[in-house]
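To start, the structure itself, in structure tokens.
Each chain carries a letter (A, B, C and D) given by its place in the written order, and its residues are counted from 1.
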Amino acid sequence: MGKVLKYAMVGGGKGALIGDMHRKANAFDGKAKLVAGCFSRSFESTLEFGQALGVNKERLYKDFYEMAKTESKREDGIDFVVIVTPNYSHFDACKAFLKAGIHVACDKPLTVNIEQAIELQQLAKQKNLQFMVTYTYTGYVTVKNIRAMIDEGELGDIRTIMCEYPQSWLATRDGEKTKQGAWRSDPKLSGRSNCLMDIGTHVENMVSTMTGFNIKKLLARMEVVVEGRKLDDNSSIMVEYDNGVSGLYWCSQVAVGHDNGLKIRIFGSKGGISWFQEEAEKFHFTKVGGSTMEIHRGHSSIKESASVYDRIPSGDDEGIFAAMANLYSSFIDCINLQNEGEFSQEKIDYPTIDDGVNGIKFVEACLKSSENGNVWVDV
Amino acid sequence: MGKVLKYAMVGGGKGALIGDMHRKANAFDGKAKLVAGCFSRSFESTLEFGQALGVNKERLYKDFYEMAKTESKREDGIDFVVIVTPNYSHFDACKAFLKAGIHVACDKPLTVNIEQAIELQQLAKQKNLQFMVTYTYTGYVTVKNIRAMIDEGELGDIRTIMCEYPQSWLATRDGEKTKQGAWRSDPKLSGRSNCLMDIGTHVENMVSTMTGFNIKKLLARMEVVVEGRKLDDNSSIMVEYDNGVSGLYWCSQVAVGHDNGLKIRIFGSKGGISWFQEEAEKFHFTKVGGSTMEIHRGHSSIKESASVYDRIPSGDDEGIFAAMANLYSSFIDCINLQNEGEFSQEKIDYPTIDDGVNGIKFVEACLKSSENGNVWVDV
Amino acid sequence: MGKVLKYAMVGGGKGALIGDMHRKANAFDGKAKLVAGCFSRSFESTLEFGQALGVNKERLYKDFYEMAKTESKREDGIDFVVIVTPNYSHFDACKAFLKAGIHVACDKPLTVNIEQAIELQQLAKQKNLQFMVTYTYTGYVTVKNIRAMIDEGELGDIRTIMCEYPQSWLATRDGEKTKQGAWRSDPKLSGRSNCLMDIGTHVENMVSTMTGFNIKKLLARMEVVVEGRKLDDNSSIMVEYDNGVSGLYWCSQVAVGHDNGLKIRIFGSKGGISWFQEEAEKFHFTKVGGSTMEIHRGHSSIKESASVYDRIPSGDDEGIFAAMANLYSSFIDCINLQNEGEFSQEKIDYPTIDDGVNGIKFVEACLKSSENGNVWVDV
Amino acid sequence: MGKVLKYAMVGGGKGALIGDMHRKANAFDGKAKLVAGCFSRSFESTLEFGQALGVNKERLYKDFYEMAKTESKREDGIDFVVIVTPNYSHFDACKAFLKAGIHVACDKPLTVNIEQAIELQQLAKQKNLQFMVTYTYTGYVTVKNIRAMIDEGELGDIRTIMCEYPQSWLATRDGEKTKQGAWRSDPKLSGRSNCLMDIGTHVENMVSTMTGFNIKKLLARMEVVVEGRKLDDNSSIMVEYDNGVSGLYWCSQVAVGHDNGLKIRIFGSKGGISWFQEEAEKFHFTKVGGSTMEIHRGHSSIKESASVYDRIPSGDDEGIFAAMANLYSSFIDCINLQNEGEFSQEKIDYPTIDDGVNGIKFVEACLKSSENGNVWVDV
């Protein structure tokens, strides 16, 4: 176990779901400690909330520029920053900390357009900093196991992939009146997409994480199916990966009956796999000609590279905070390794800025395809 | 209960699955009796098999032309014919019986091209004959109930539809060596499509049956994902119905882990529905803002127009033979009503030749779209 | 395929569920034809209903004594009789036909007390007649497969068995106002038990069918949990089989949320099995240390002795009528074999009168245990 | 939000599952901070492990007696202790801290016999200390909601309860070779029961938590079904609650196919409920005469008293660490309230020492019943 790291948070003030998740994920394994923060645009709120969280008053900041500058100069300054503001401000915040030489964990999607994404990607490489984009679902033991199974050829040659992400929280316009709904459905704050930016990026990333495939081209139909809404709430995408394999994606925020139904099915010449986010600690595997097996985290067939993340035996759910903690676990290990001069790329077991960039490329290609009448577009 | 009718069968010889299903479905409620047949291209086989089924030798025929001619002249001639030959010969057989003034029940898909389909449609109308295309799944009580729920506005305005039909029986090329696999995957016998002809037509029909929507235009990608195969085995289709609502279809014969996974999800402004063929005697219904209910055939919320088909209480499965029997039940009732001069269109509660024609139009439009680079095509 | 047999029915008049099931099951494979009947205590009803079913008027009878006598003397007399009257009259009807030398298929439970059951058993043996007690669920392919798996040692040594049968149709006293509810909950017509007689016998029989185990002793608690009711509606039983293995049974008619939830779980030293009646065409199998497999009728691991009953591939439900048809299939085969002098006991693949007797023994032991303060009682 | 409390841990050294869970649960909401510990019988191990956890060396203790004495005298001494040693040493540890006037959270089962349990109960009352027994599953939002539903009469009068807890980890004798298996199956360390002590107590507690019912009498059959084992591994219990309602419990550690299958079904005159631990963030509810609803944590029908514990919307699993955090949340609140002089019994929303005592009474009554030939025994 490496050194316990110090981190700061940008955003994630009182009542913010995502910030709380990141704090819980960091507390989970005790690998990092919150020591600084700028939680809100109101300094008063930051002061009140930060102190309630046990952060020293002097390390609570008016804005993230000040925090980046000050922390980078402290001897006991933060090791990394966690950025959990609304999407449109990811870019400025990430940039400030990268420039200050501080490792970054940023919530997905990385940015609201591709120019920003690429600029951050270049900056991170140039500064040689760890940059995690927190696609939380990739942290599940089952996801890591499926990736290993595919790597080792247990599915044979992949023939086709079906990935869907139905939700229902925007089935009525009331959904837009929630705190999240408000900024997500406002083009000024979310850019040109809501549904694909928010959940489409998960779809793109999960398939890529499990298979290692990248999308070569796609044909998208982005729709607004609830009258009066400005940004997409239901989208279908045909994709072709760079190895010629086909995929079909469906994302919806109006799918009544689904809470958070991300489901990935991958079909190969030797077997098929189905993973469902709402039951994320198991998955289904079927060999060609055989019956379907329900494999749980903790079962005997789970591979070492995945089971190393298990905390408790199968039968109890570790939950999503544990999944996110798994991401931070590797991220923090990598920072520690880098500090000790022992880091190398293959140590990375978390979603990087390259994943973040791919997500934005995906959304932009979908927008282009959709705006041009649902034509094939290179990614 | 009307008169017990007399029927003949074309195809469905020894070992043929579909013919046996139709005979069981007719025997189920005792509404029709098999009295004649031409079960095989080998007259010897027809004679042997037909007599084993209890058909009188003199009503076993060398070919269906002879059967149509002879039976139409008998005083005790058949009331209707059941056609369960491979797809490519549906046309000739149907035509022969329609010309002879005999009602027809034909397995789906109706024909292998649209010209044939339309010719049959016109002939059936002109001759004023009942013509059923046996889309079996539409016979389930749950399907009839969903149709009624949508009719009565329980889902509100439909926003989008997702329908998938994954199977796995052609996951390897061995699948093509089965009796069915052989003719289905042979362009000479199946026309230009296998996957969409066989299961895509079910998708098109089920959505249309449940919602009453017709497809205005579509964009299809038909694929061959198993090397060496000639006809499509995996297909995705974006559709737009004539009322502007969108749909997404996925059909696959290589989806390892799925036996016969036809699933239809319909999302409206008031509620959402999910129906899954492998558990066809229940469905899931969620009202906007509520929790999902699992409604079984036989439950108190099932509507009269659907529950009238129930034979036993919920908790035991009636099965697919009962579903097909439900189709024949209405078909036979309609013939009896017509014979008594009391028939009218609204009595029809079975899939008609119009449904059959729509299936072929759908496949042809998919072929056109796919062959032209996945572009939108009017149906 | 053997000779098509002729059968008569006692009971099963208009609107009767169980009689209709037996007729459909016999029509299913065309192995037997209904030629005589006494469907109702009202001869007028029998005449009307019988003729509607296509039975010749002269073979419709005022009572079953007359039918047994007359049919046994006809040259073209019935080969077997199907008895589907309420439980209390099974005994007289069965006896009449056995005495007349006619094979019998009787619905379960065999009789309402053990003296009757044993008298029938002795008579059937003495007369050397086939006698089937229609425990329908034993006809499922999956049940036959589980029996074969256990026979072949795939579960290792059985350690314990858990079997439950929750229903909800008597959750309110309204349930007793239905046609079935009325006689089932009336001690004059049902004897001393409702819940255990009706569904407890299924539990006893299914475990015995799957494992071949007989109950040596048991400890039962039969309860009336809905106020005002006379016969048991919720019962728990601890059992010990003759090999020392333990079992636990629970049967309830007040279990709101369950339609017809018979579930059997068998745990051995090598593996465990779970079979659930509401999804009867699949079951779950887990090897010690492995993940659970969902095995469907039609899958590759299904054994020949079970799959021989399959009519269609996995993925569509054959349903309960097919399960009952499987029982009749073997019953009819055995009669044909006996007629040809080729019958032997090991040909039997249907539940016999011995199973019927065991059911009644089980209920009587439960009554004795329960009435004596829930003590162990030998069966 | 109250004051952040300070706690110590007894047991839970390196590699111990349960101790780690308690630490994570306390870190989850940041309501308590680990400041002292005696993690192992080896002081060296305690020193190494405790410092790795960030505990100051001077507050790492050789034994819990020393810790109790020293901490109770420090001005900045611990507010509560968490006891996560093997069962047999709960008593001594709890007693030491109670005597020192320190609030206690102890893992279940409370002790290994009833005399110990009652002594602790009396001591806790006398000292006026908070005492939590960590029946973790009671922390789930769904459990709290079911309790509220039953309180408010949504199930009507409860008629019967079925609770099962099948596991498979002792299906072979290898299970006894694991760290946990070793002490759990050793009578010297676990007392006279393994299966009922370990999981039977959960069953007793969950039913009691959900319904508020206490067991009046019971009839138990405790079995050893794997040859060579000393303590029970499979048990069935008939119970009667003090209001005359009946229940049936089944616990097994040899149920191959089940990971951790605690399931509670409660049937009333107005509705039925089913809760399954492996899918603990939802439950099923059926009103008499209606269809079953699947209600998830976060859905609109969840009551305020339960939903107050929600951290994220439905569709993602919070997991078992969150459930345990919910217990600690109330426990810590109660300590804070007591410190502020504002505590009253109705503030308690965690399982108390009374629950702990009931668990031991239950096991002792089962032992007595079982050892006397499965007779009814008062609890």
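In this text, a contact is a pair of C-beta atoms (placed from the backbone, for glycine too) under 8 Å apart; a residue touches a chain by one contact, two chains touch by 3 or more.
Quantities reported herein were computed from a predicted structural model and do not represent experimental measurements.
Of all chains in the assembly, those touching chain B and also chain C are A, D. When each chain is reduced to the average of its Cα atoms, C sits farthest from chain A.
Chain B and chain D have CA centres that are 55 Å apart.
Distance between chain centres (mean CA atoms), chain A to chain B: 44 Å.
Residue positions of chain B with contacts to 2 or more other chains are 258, 289, 292, 296. Against chain C, the residues of chain A that register as touching in their complex are 289-296, 299-301. Contact residues on chain C toward chain D in their complex (touch as defined above): 159-160, 162, 164, 166, 168, 171-172, 219, 221, 223, 225-226, 234, 236, 238, 246, 248, 250, 252, 254-258, 265, 267-269, 271-274, 284-289, 292, 373-376. Against chain D, in their complex, chain A makes its touches with residues 1, 4, 17, 20-21, 23-24, 27-28, 30, 52-54, 167, 169, 258-261, 277-281, 296, 298, 311-322.
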